[in-house]
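Here subunit A shows up in two complexes: once beside subunit B, once beside subunit C.
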Partner chain A sequence: MQHEDCALELQNLERHFAHGRVRAVDGVSLTVEPGEILSILGPSGCGKTTLMRMIAGLEVPTSGQIRIHGRDVSSLAPHERNVGLVFQSLAVFPHMNVEKNVGFGLRMRKLSAAAIKSKVDTVLDLVQLPPDQFASRWPSELSGGQLQRVALARTLVTEPALVLFDEPMAALDRRLRDYMAIELRAIQKQLGIAAVYVTHDQETASTMSDRIAVMNSGRVVQVGPPPEIYNRPANRFVAEFLGDTNVLTIARLHERSGVAQQVEVEAGQRLAVSADDHLAGGQMVLFRPGQTKVFTDDPGGAMQAVLTSVSFNGGLYHWMMRLADGTPLLAQSTRDDLGGVSSGQPIWVSVDHEQTHVVEQ
Partner chain B sequence: MNKRMWSSSKMVSSGLPNPVVPAQRPKIKRRPVAWLLLPAGLLIGTLFVCTLTVVRISLGPRYAEWDGWSLSAYAEAADPYFLSIVLNTVWLAVASAILAVLISFPIALFMVRTASNFARRVVLIGIMLPMVISLLVQSFGWVAILGPDGLFNQIAFAITAEPRTFTLLFNSTGVLLGLVQTTIPLAVLPIISSLGGIPVDLEEAASVLGAKRLQTYRHVILPLAAPGIIAGTILVFGFNTGAFVVPLLLGGSRVSTIAVIIRDQMGTLFNWPLGAALSVILIVIALSMQAANRLIGARSQFER
Partner chain C sequence: MANAIGRRGFEAMLIRSSTIFLMALILLPIIVVVIMSFTASTTLEFPPPALSFRWYADVWDMATGENASFTRLLESFWVSLIIAGLSALGCVAAGVPASYALVRYKFAGRAAIEELLGLPIVFPAVVLGIALLILVSASGIDFGIWQIVIAHCIIFLPFMMRNCMTALKSVDPALEEAAKTLGASPLRTFFEIVLPLIRSGVASGVLLVFVLSFNEFTLSYFLYTVDVFPLSIWLFQQSNTSFSPAIFAISALTIFFNAAIILIVDALVGRGGGALR
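Our next item is the complex of A and B:
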């Protein structure tokens, strides 16, 4: 099967180390549509960097195929692939000023000096580094955010078929990172370049991407748009990686009714889950802390717990609690639903069956 | 997450129960550290006095070095014979510096790039050997290899049955070989340190941006390794302008260097002012390269 219209297509890509004993990338198949920005999200050591390096040609795949706009580039050298890569370290050349850095790719392609000048000026304007002000600056005179823009400009100016980002914003502080993520996405959409953004930061991934591919132990665990990944995680790993999650192990099915089914969790409490979920046993119920409701009195059908701590952070109240068997739960709300309750006192917590999600162990 | 919790609880426990902690941390006094330089300072100071003595002697008349003033020694040194030896010394130093750096660059590149620690260690030991074996011993080794009946000529004889094919001893070729071999460590080490300091990312970035292998070397690696290459060149040049043992043994009477004739003037002929004048010329040559680098380097340095 072959998609001529895909910006990037990976087919069963593998990379082994230590004579096959370590599979850094273990059978990854992915596509990136033209103009799309796909994040590859995973913890460090999940193989996302190796995957990205193979796409750029800096690492040789053990097996599998890499196609860029239908062209098989698997055996091409990096300079033959027309792929852009913005490094985590940014890799701005310290011995060249901004203009020379940005024009590097064009000089290697032997463009005329006039053409280089005009392209460099255009792209510097695009990344909001006015050429008259920044062209002759040295990297040592620039801030982290400005270096970031230089690295981006240097990559975009060669008009690559695909741009790869290797967590280039990891070193920036939170606020600047959020700002750059939005701006980067705006530029990417403006130019219509397909992009792959590799990161371990789920917030940046969600802000930036059209789709997220979650990786773990060399494999892609789930691919989908950010809300889908967040709300319908394929398993516990995905759920926990994308933010705080409550996890309860299902002990048995208790009762089935129209749109919901009652299950008993290992702590002994009962909980309603969607009737669409197929229950097989050994499964878990996941739900987000923000989708819980907490009560000071039993409203009926809620789980009883003991409050262990309260904090207020980021505009939300956070209540930590424990079920009878010690299973921890987290609830969040903008309102102080438990005003006056102190640690050690009993409370009740419930979650709508629509908001729960059953996954395999 | 654990770490964060630990550090915040730590902050609370150390901040709360002890409100009388002074707001200012006790300051460690920064004493002047000049006395750390004392032992070296004494030695170098002595060297400075010695050098001044040489300058003084070069400006005195023969046999009355401390009493009068005269430029006759410099006039003598301007003799075409001495000038040719000065030029020859400079030529040997320049040629050996260039060759040593050309040979050292690939070695340094290998040292920086190889994934095998074993290979790196073996090569490093190989490079450092000339520094631990006496120059005299190394030079005699070269004599045994380059001589009329040395290793090279015996191999040539075995192949062509022609005796004494190569004349490598007592000419510039032999001296140059010896000078290059004995100073390779001086060139390799600074190049290793500058190559090792170039992040792999820069090279990979160049490649992804469309630079072919050679373009990457020309536009990224060589410019960034330049400080080490220049340092290696200056070290070898400076060291070989003063070469004595190697030219004495491998050059015989035909290839002389400044250091050899200084010794002749001072030791054999007791012409101290001329020996001293030649010494001053040697010092000026050795320092001129350093000064030239400072002048050029001041303009083109990107590391601020």
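Our next item is the complex of A and C:
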């Protein structure tokens, strides 16, 4: 099936190294809608960079197809694809000033000097580098954030069919990165260019994107909007990659009652999970620390645990605890629910069955 | 404490005096040549009893006077200049693309080629001279000036390539990839991005090859002909037959000429490179 209206469509894309022994990208199929930002999120070595380089034409796929706005570009050279790429190292040309850097793509497209000047000025305004101040500056005179904007402007000014971002903000500090992520999204939405943002940073991915594709070992594990990926992870890898997660292994189904079903976890204690989850052997229950409630007395139906540590940061209390078999759990809350309890003392922990999520092991 | 300071003072003195000694050792022959070129005497007496420009006048006469066609000094100078220029051009044409291939691409035998590049530097020039002479004679073709140019390209290419490869290794491959994603063809990328960034490396390679070729003697000695008579051979023959202090004047002029070229290229590349910051 072909989608003529997709900005980008990958069909079963593969890239092997070392004569097929290493499958850096192992059968990836993805689509990006026009005007959409899709983040490819995964740990280093998961194949996300190789995937992105294949889309740009810098790496040749072993098999599979790449379509941009319905056109098969799989066999085209990078300069024939009209795909923009903002590099991790930014790759701002050191021997050209800002104006020459940004105008490079337009010169390659043989636009007139006047047209280049006007387009460069417009895009420099867009990325908040006023041309009268910055056009004649050299890269060595710019800060990290300003270089970032030059690299972005240089790519956007050529009006590419698709923009790829290779963690271009990795070198920036946290605060600037968050700010740039929001600004980048605003610019992208304003121009309506489809974008693929490759990163290992789940916070940036969540802030930036309409959808996230989580990659692991060369495969796409799950694709969806950030809340869906966070709240309904497809497996333990996705759950753990998107933030702290409590994981309990299900030993057996205990009983089923209306909207919830009781399971017994390996620690020997009982937990209610949503009745929507289909229970079979060898599954796990996942739930987020923020959804985990702690009590000083048994409120009924809670699991008993031993408090191991308490800390406070980022406006949240963090309680580390262990179940009877040693399984660690983490709970977080803005309120000090365990005031007065010290490490080593028994506490009770529960989670609403609506907030649990059962996945295959 | 005093002992330690004294010791450090001694070490500093030792380093300074040995440096001065080495510099003197290197510069002494050149200084002697320059001083001798200003002698007023017709003998090789050192230090000169009196100073004059008479031997420079003599050289001027050898180059432009009525005996010029007989001495062939100017002709030899031009021959050396053309050989040096062509050798430098040949080394650029072969060396820059070859360096690019060696730095950017992985292929079988790359390591072996890199090793081979160092070989001509340790290879005895006399042996290479004999080998080339045999080849040229066996071919029965008159290569004219090219037989020395080709010989110089062979021995000086490694100097060119070492400079280019060092410069290329400092160019981030992402810069080239960025140019390509912005719509530059591979050839355009090379001329717009790679060449400007390795310019100073290429220029110093050209300079090195030019100066080395201009002064080269051993290979030229095997390969010169009556029509292709480089300055180094001319100087050698003059000093063998009629040793007049004019030889010193010519040698001193050669030294000034080499120094001038180095200073000019350095100024040009240095200024251009300044834009890179």
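Just so we're on the same page, the second predicted complex is superposed on the first by the 361 of 361 C-alpha atoms of A that agree within 3 Å, B and C clash if a C-alpha of one lies under 4 Å from a C-alpha of the other, contacts with A are read in each partner's own complex, and residues count from 1 in each chain.
In this section, a contact is a pair of C-beta atoms (placed from the backbone, for glycine too) under 8 Å apart; a residue touches a chain by one contact, two chains touch by 3 or more.
What you are looking at is a predicted structure, and each value in this text was computed from that prediction instead of being measured.
Once both complexes are superposed on subunit A, the partners subunit B and subunit C clash.
Once the two complexes are laid over each other on the shared chain, residue contacts for A:Met108 go to subunit B and to subunit C alike. After overlaying the two complexes on the shared chain, residue contacts for A:Ser350 are found with neither subunit B nor subunit C.
In the superposition on chain A, A:Gln332 makes contact with neither subunit B nor subunit C. In the superposition on chain A, A:Phe87 makes contact with both subunit B and subunit C.
Residue contacts after overlaying the shared chain place A:His95 against subunit B and subunit C alike. Shared interface residues of subunit A, touching subunit B in one complex and subunit C in the other, are 56-58, 77-79, 81-85, 87, 89, 91, 93-95, 104-105, 108-109, 138, 140, 154-155, 158. Against subunit B, the residues of subunit A that register as touching in their complex are 56-58, 77-79, 81-85, 87, 89, 91, 93-95, 104-105, 107-109, 138, 140, 154-155, 158. Residues of subunit B touching subunit A in their complex: 199, 201-202, 204-212, 215, 219-220, 223-224, 302-304. The touching residues of subunit A, when paired with subunit C in their complex, are 56-58, 77-79, 81-85, 87-89, 91, 93-95, 104-105, 108-109, 138, 140-141, 154-155, 158. Touching subunit A in their complex are the following residues of subunit C: 172, 174-175, 177-186, 188, 192-193, 196-197, 275-277.
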